[in-house]
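Two complexes follow with subunit A in common, the first pairing it with subunit B and the second with subunit C.
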Partner chain A sequence: MADKPVYEEASIDGQPPKLASIPASDTTVWADASPLLQAACAGLRDGELIHGDNFNLFAAMSALEIMDPKMDSGIVCTYYSIDEAIENGAAPIPISLDSTIDVRCTIDIMDHLLACEAAWHKGHSLAQTVFSCIYLLRLDRTAPHALLHSYCRIIRATCKAVVSVVSDARTHEEEDLFTMTYGLPLNGDGDDKCLSILNAVEETISRQLRACKATSSKRRLPEDLEPLQSNSNLEEGFCKALLCRLRFRKHFFHVLSCMKRPQGRGLESARKHIASCLTELESILESADFLRSCFDESCEGDIDDKTTASGFEPIGFDAMLNSRLSAPTPPRAIKILSWKKAVEYFVKLLHDLDVICSYSLDPHLESLLRFVVQFQKSQPDLVARSHLQLLLVQDGKLYGRDPFFAVINKAAALPEATKNHDIQKNESFLQLGMLVMNLLKILCTNAAWQRRKLGKFLQDWRVIYVQLELAFRNEYGEVSSSSNDENTCMKIFQHILLWVEEQTYWIAFRFLILGFELELYSTGEYCMVYWYLYAVLIKLTEKTHLMMAVSHDTAKRKGKKKKDSSKDLARESRIPPAVLFLQCYICLAEGLTMMLAALRNEIPVFHSPSPFNTEHEKFVQHFELLQRACIPDHVSYPSYKESTTHARFSTLAMYNYFKDAQRIAKEVKSSFSNDPESRLGGRWGRNVPFGWIHFSSYLK
Partner chain B sequence: MEQEVGESLIQLGNSDGSNSSSSDPVTRVRKLLFRRMLVGIKDGRFFLGTFHCLDKQGNIILQDTIEYRSTRRSSPSPMEQRCLGLVLIPSSCQNSCHVDCSVEEQLSLLKAKMI
Partner chain C sequence: MEAKPEEKAEFEEAEIEYVSYGGEHHLPLIMNLVDQELSEPYSIFTYRYFVYLWPQLSFLAFHKGKCVGTVVCKMGEHRNTFRGYIAMLVVIKPYRGRGIATELVTRSIRMMMESGCEEVTLEAEVTNKGALALYGRLGFIRAKRLFHYYLNGVDAFRLKLLFPPPRQVL
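For the complex of A and B:
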């Protein structure tokens, strides 16, 4: 398209002046087609369209409708552009000539930005939240206002850091708009100096605070410092309010920088900064009373809904100005979090980050999996989860330090010496390493995404098992070789095959349990879900038990660390606590299945067939992914029916599923405290579902 | 004059050569399909795209649309543009509608000589 304006002399019917700036081309003009179109419309039959061969009604339905507020992000509102808004005084610098009001308004802006930031973290677009601030959009013009300028700079640098973490983790597909910046000015020159700029401002205000305190106690300080604002009664309150806000931002930025350091080197420092952040947030909350009371005018509306501590509306924000910078796709109407909720959000975020920073970077995979599952129970948000993922998987290694083959080697109870074995260069082992890496990434995503991915993942784990088994059989079809190295390779294969199976059943177990968390099962389907869980748990326990036996062998060969051989023998003959724990789960699952089956069989109201699909169809729908991966084998709808059709309360009374579960759980609990070795002492975590047991007993 | 009209009719004559249908507005608008069209709307914006569809109510669908808007309420002012893709402009918000064409075509084709 040529850039030249239209030939004005060619206009016959008087083109509007604006048209002149939209180029046609060298040889063409804009000709008014409205009369012709009107005539054509009159000539069309009802429902008839004028369209070309490439027209598709279904595709046409995706067209953006202009002037529909839900679809047209460009509807002209108050201002045509950011520059027009600025020219009309929407974002004045200074905000007010009265220094007291100027300071209060600056604090309002800081508070509103915090609320916007929390809304953004929760999953809204940057353009509608943080960058609805006109001051941020034209940061350079804030230079004369040191406070605003330093604050905006650090906000911009912080947003950039967070975007980079979430982008690197690539968990953001689930949370749409988070990383889309659409050309917003996130990269600023000199933002790396934002901390020093902030420190300078903080220093000034600290001195102003000291000065006003000195004045109140009638002591004169040598330096003659200009106060922050003109009302001496309010000076101390405002200084304190500002200081905690500035310090919070400083420490938060440090948290992000420290956590970014590779191999978890900055985690301890990060914890210190997190603690400081939490302290400052408390001070920020306390400052609200002062800010609300310092002016005679009270604000309208419910204070809890406000996005600022003072309750006043902040100056200099307009979300519509940026709506065109969001994608042409529909801009969602969003509500910025209230200030109180924003502070709560950051408190939770900091606590979640603290949990991550306290993690000991345990090289044992099973402890790590337990940690991640436990962490996810607190429902951390995207930013925290991205940080966890980046800590766990860096440069294709665990924690950026342990190669995945070494991790698998340890998890499969192989001796230390084999972790550098050449067999790891084998294609299947490389793929297995990738699978473990992907498993960790998947476990860091949100529950819904996680379940979906885990379901599909089962197939990959099944395939790798088959591949490894094939490779094993090809190499060692006959167990006759006597060479040391071949023995080692064989052992590696055997251990890892067993470990892969165990891991696959663990994933299946997680997949089914997540269905409860996501409330994907209707109550009528609980029976079959518990039954399937029972089937999976049986297999999982079997593999875990085998794995433990095999790890005992390895320990025996390594030489006993403890001298008390009789105690060890006794321990070996006992069932390991981890397995007992699983047996406890099995009892529960079986008990619940039978109980629900009996209810359904004996009490008609529990057995109302759905008008939509049959029980068989539901079975297939829920367990299709598991069935396809043959997890477990020989489990099908007919076998489910066979197990449950004859369940009756009269027969059930003979079994003590729940009592058994309770007994085993007590035994397990005591053995946890006795057995310090991590592998034996609690594979599935301390979150024994005692509540579950009590509930079931109550039902009985 | 008649010769000119005749020439123009021949100029945009259909491949099937039937002259009577080529003067029908519907057919003439059909000829405008895939041409660049500039639609102005009531809030002052302009949409430039390929003419894709028209219905009886006068709603227009444009393809590969670019939105033009001025950056100040008062003119003259620099224009901003952004790409939108497939766009439907309801007839209720349309202000103007122009088609990109050669000078000769403008004289003959677009004069609403409803025959």
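For the complex of A and C:
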């Protein structure tokens, strides 16, 4: 190595220190590269890039830190930091020296925070929404302003609680942004006391409200109580406006706390708080008229777009301050929900939470699945869905209460006694328990993600079936044993194998039906989809029917001592309503397939080939996951073609698919009303697949 | 501000000239079109990434010397499949509805097919009926729905075109 360079002392006129000459060695020679660099600078035009081995074009796309004020001078931001914003009066405390304006501004902040919170719930980052509030970012400095301080504290505690619920539910992909807090100050010392702080403020305002009412009726008022603000005409209106907002926050926080309690113990209390929240939200909406009219100045712009009830812009918010905290990608301007839409959002959220809280924690898996499917139809948002998931799966048990083997035991119509059988320690049965748990979690996610996951899940269910079947054959082969315990084990295997098949086909059915809800099928593809549904339904019906027969056996054995054999006999010979229901679906699916096939075969305009591929490729793509899991077996594009190539309107008329469906539906309806004990509901209930709703006219 | 009525350009389809990306001189044309019509902001490096590495997959449409449409694509190995990807497709408003976009995309897809791609993919907003119809006619299916894919909360479809397996020579 050459000797270390020697620096000359900095010259007096401030020139940078010059490097003394570095001697060249045997293998190195010095050349002045300045002219080369100069030429290169001139040789590069705007937007050109030097290609390096370790810096390629792909990297170049992400190399710029857009939104960093140092690198991107195009940034328009008012303040570089929170402290600068505060120094320049962006978040004054008090907000105004005029107490009336101060109160109104505080209410504006409360309203805007609600709008921000709704925007966050809907999918934007916390940093750009709720934490665009400077008061929230430096909560301690709000201490002199009791109202603002208490409100900010409960907001912070609420956000933290919601983040915790959603994190525990571990939602996926597009919704992961929700839980990223990127170093935002979510943890506050003393936030556990936020309710008592809020209560104190609420109490004061309640007394102020009473006082101003007392004044109007000319009764003596307590001398030591200062009014909320200085304009006595507005005192009542402001007190009321504040009280409903504070109370809403209080009850909402209680809802979250109650729902968090294990095993659904807090659900009933939660419902009461939900009801209170809804009442307070109504009062909040009603306060808008007062808030808009209490000042002479009117606000510009459409009132419906405003993020506050009063229509005024809130003080103390700057979304750009957190530009480096909001997300991995450069943040772009987002639109905060309007105040009206925010209230609507919370009303819906509360209704969704209420549905969850009203659920009876039914230990029957079929009922639970039906409930979840039905719940999802109202398109609940992330916060509601996370709460549902946490209610259903806690500590590896259903509702934190029922071990999954016991749940499966019941679902597979095994006698109660077998739920504690040692066989559950078997690896395959443990895995099956995990699969059921994961199924419940998946069913609580957003429909788009859910469908993708269900498709992949089919493989897992197929594998577990094969594993269980192998274990069964290895243990018992063809031998019919006389040992009691071996008999029990055999029975467990048999029931559960059958149940796993039924469940697998149910998942396949859900996967296909969700495709309609998500609009994944174009109309030209309906024919093959209905055909595949038909194939899946045939198997599902078969397994369900077997399952019912086996379940009836168990019930019979249980109720051996009971008389009433004539009723039993009648019940035995009849097809169970749940199976009839499925048969109705089969008729519909078959009818639709044939009708669409006939349309395609007879009317040229419905058959439009694409230049790059054929129907075969589309079939392969749509049903790849099902085919891979062999659900069902022996179903392929050639068999689809065979079934549909000869469909004609003339042949259609010979069949009565839709009339049959109608007839069966009537039978199901009457049998349900005659026999409420029947296992009709199961997981079907009144679920009519989305894509068939247009179809109901045929049934009338 | 009053909304101007949509002015449609008058032209014969045969007057449209389709050109493969030819070099630096085409880049500002593509950039201007895309900046004008699409909401996603791209830096110049994004464009360069595509047109430098896969110039044969980008096409421009000209009418009497004016650039009226463009398609920008890439292809590569993705999880054991050789896959094409359509990154940007733009036709200026007065020229829409006349098959220019279809022609641009078709040329690119053909090139991908000839280059050995097994499939082609892209994302489109679920509300973009025009794009969904265009790609649907070409054989794309809606493979997945992506929840809240875009910043404005709109979902997207992942569209995929699967090429038939290459014909085996008997």
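Methods note: the second predicted complex is superposed on the first by the 605 of 700 C-alpha atoms of A that agree within 3 Å, B and C clash if a C-alpha of one lies under 4 Å from a C-alpha of the other, contacts with A are read in each partner's own complex, and residues count from 1 in each chain.
Everything below uses one rule, namely that a residue touches a chain if its C-beta (ideal position, glycine included) is under 8 Å from a C-beta of that chain, and two chains touch if they have at least 3 such contacts.
Owing to the predicted nature of the structure, the values given are computational and were not obtained by experimental measurement.
Here subunit B and subunit C are compared by how many residues of subunit A each touches, and B touches more.
Of the two partner chains, subunit C is the only one touched by A:Ile334; subunit B is not.
Once the two complexes are overlaid on the shared chain, A:Ala60 sits against subunit B and subunit C alike.
Once chain A of one complex is fitted onto chain A of the other, the partner contacts of A:Ser610 are limited to subunit C, with no touch recorded for subunit B. Legend: residue contacts after superposition of the two complexes on their common chain; A:Leu518 is shown touching subunit C, with no touch to subunit B. Of the two partner chains placed by the overlay, neither subunit B nor subunit C lies in contact with A:Leu97.
Of the two partner chains, subunit B is the only one that A:Gly43 touches; subunit C does not reach it. Look at A:Ala417: by the touch rule set out above, it reaches neither subunit B nor subunit C. Contact with subunit C, but none with subunit B, is seen for A:Gly123 once the two complexes are overlaid on the shared chain. Of the residues of subunit A, those at positions 47, 49, 60, 63-64, 66 touch subunit B in one of the two structures and subunit C in the other. Every residue of subunit B that touches subunit A in the complex is listed here, in rising order: 24-26, 28-30, 32-34, 36-38, 40-48, 52-58, 60-61, 67-73, 75-77, 79-80, 82-90, 92-93, 96-103, 105-107, 109-110, 112, 114. Residues 43-46, 48-49, 52-53, 106, 109, 113, 126, 132, 136-139, 141-149, 151-153, 155, 157, 160-164 of subunit C are the ones that touch subunit A when the two sit in their complex.
By the touch criterion given at the top, residues 10, 12, 15-19, 21-22, 24-25, 27-52, 55, 59-60, 62-67, 74-76, 80-81, 83-84, 324, 328 of subunit A touch subunit B in their complex.
Residues of subunit A that touch subunit C in their complex: 47, 49, 57-58, 60-61, 63-64, 66, 122-123, 173-175, 332, 334-335, 446-449, 451-452, 518-522, 524-525, 608, 610-614, 616-618, 620-622.
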